[in-house]
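Have a look at the structure that comes next, please.
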Amino acid sequence: MTTWLPTLKTATPEAGYDLAAKLARVAIKMTQPDAAVRDTLRPVYAEDADALIASSQVVATHFATVAAANDYWSETS
Amino acid sequence: MTTWLPTLKTATPEAGYDLAAKLARVAIKMTQPDAAVRDTLRPVYAEDADALIASSQVVATHFATVAAANDYWSETS
Amino acid sequence: MTTWLPTLKTATPEAGYDLAAKLARVAIKMTQPDAAVRDTLRPVYAEDADALIASSQVVATHFATVAAANDYWSETS
Amino acid sequence: MTTWLPTLKTATPEAGYDLAAKLARVAIKMTQPDAAVRDTLRPVYAEDADALIASSQVVATHFATVAAANDYWSETS
Amino acid sequence: MTTWLPTLKTATPEAGYDLAAKLARVAIKMTQPDAAVRDTLRPVYAEDADALIASSQVVATHFATVAAANDYWSETS
Amino acid sequence: MTTWLPTLKTATPEAGYDLAAKLARVAIKMTQPDAAVRDTLRPVYAEDADALIASSQVVATHFATVAAANDYWSETS
């Protein structure tokens, strides 16, 4: 049985950041499951500063969760 | 006696994410209880990048809560 | 002496969610104490996707607080 | 020596909520110190659903802080 | 060697709030380093309710961090 | 093997703030990988108060994470 989210643990902070970006994208896919529509929207918001900043905010919120789940990768310090 | 939210505990991170999405939807249903109106709104915001990103932000906030409630599913690491 | 917020503790997660929704509404009442004006605004934002999503965000933020106050209802798991 | 914020501790959750609302207002006063201008803005945003919801969001963020500072008023449970 | 942010610790909650406001302003200076441009923008957003509320939100987020860094100034209670 | 995010630990609060600003920028680069497009957007949002405030909000969210990862730089107090 596969899952897109087996764990919040990642080996490195960078992998945690990538996971946060993925967590942000999945909610958008759930609300708009049609990939063709999403492909239409992407070039629009990718050239819109407000949308880019708002996307970055969602990643920031998820990154806080992922970082806490990994105890801030304390062993890499 | 039934409840739509018996617990914040979920078996897996993926199920926790689904619960976060549900938590985001319920507030919208409370404010707009008329399903017919919601059905009218959905296709509009599902094709609007700003609304999709804002929805994803709400899921992110709830996911932080659900993940903390599950101690970040620490035994699945 | 009555209070609208005697405690953040609730018996169940669902009651905690209802409290979060109440906490979101009270700030709006404080800023706009005139119930007649609020009644005028409600049908407008209840049919506006952006406003519904923003409302859901406020509930999400309060729900995080209420859930933490209840230790995530850990005994109900 | 007086201060507008001697402590984050409050006797009750309701007083904590009032403090959160005060914390939200102070930032606005700092950015717009002219009371006459603020008085002009208030009737506008008090009749604007988006502004009311955004204000409620700020209160929610501060309430999370105040509630944590008071250990969620655990002795009142 | 000077720094604009030597510590997150402050003597009082009020000083912590001032630090939060400073933390909010610095990000804006980083993105718009030209003081002349910032001086042009300030009177505009200082008379715009939405911008004032959004600014207050940023202060709220930083205040949560500063308050946690100071253990909510627990000895002042 | 290089990484743009080897650790969340920083020597000082100021370096932590810079890291938060970097974390905010990276998400924008991921969504809009074309540097030429980003260069076109930057002067626009750098003169837009709403975009500047929204950017500052993203930095604030990341700063909360970085500060927690560094235990609020408690030894610098």
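A, B, C, D, E and F label the chains in the order they appear, each numbered from 1.
Keep in mind that, in the parts below, a residue touches a chain if its C-beta (ideal position, glycine included) is under 8 Å from a C-beta of that chain, and two chains touch if they have at least 3 such contacts.
Just so you know, these numbers come straight off a predicted model, no measurement behind them.
Colleague: According to the touch definition, list the chains common to the neighbour sets of subunit D and subunit E.
Modeller: Chains in contact with subunit D as well as subunit E: not a single one.
Colleague: How big is the gap, in whole Å, between where the Cα atoms of subunit C centre and where those of subunit E centre?
Modeller: 27
Colleague: I'd like to verify one number: the distance from the centre of subunit E to the centre of subunit F, where each centre is the average of its C-alpha atoms, in whole angstrom.
Modeller: Result: the chain centres lie 15 Å from each other.
Colleague: Could you work out how far the Cα centre of subunit C sits from that of subunit F, in whole Å?
Modeller: A distance of 31 Å separates the two centres.
Colleague: Using the touch rule from the top of the page, what residues of subunit A touch 2 or more other chains?
Modeller: 45, 50, 54-55, 57, 61, 64, 68
Colleague: Specify the contact topology among the chains shown, as one of line, ring, star, complete or other.
Modeller: Chain contacts: single closed ring, each chain with exactly two partners.
Colleague: From subunit A, heading first to subunit F, what order do the chains fall in as you go round?
Modeller: A, F, E, D, C, B
Colleague: Can you tell me which positions in subunit C touch subunit D when the two form their complex?
Modeller: Subunit C reaches subunit D through residues 3-9, 23-28, 30-32, 37, 41, 44-45, 48, 50-51, 54-55, 57-58, 61-62, 64-65, 68-69.
Colleague: State the interface residues of subunit F toward subunit E in the complex, per the touch definition above.
Modeller: Residue list for subunit F touching subunit E: 12-14, 17, 21, 45-47, 49-50, 52-57, 59-61, 63-64, 67-68, 72-74, 76-77.
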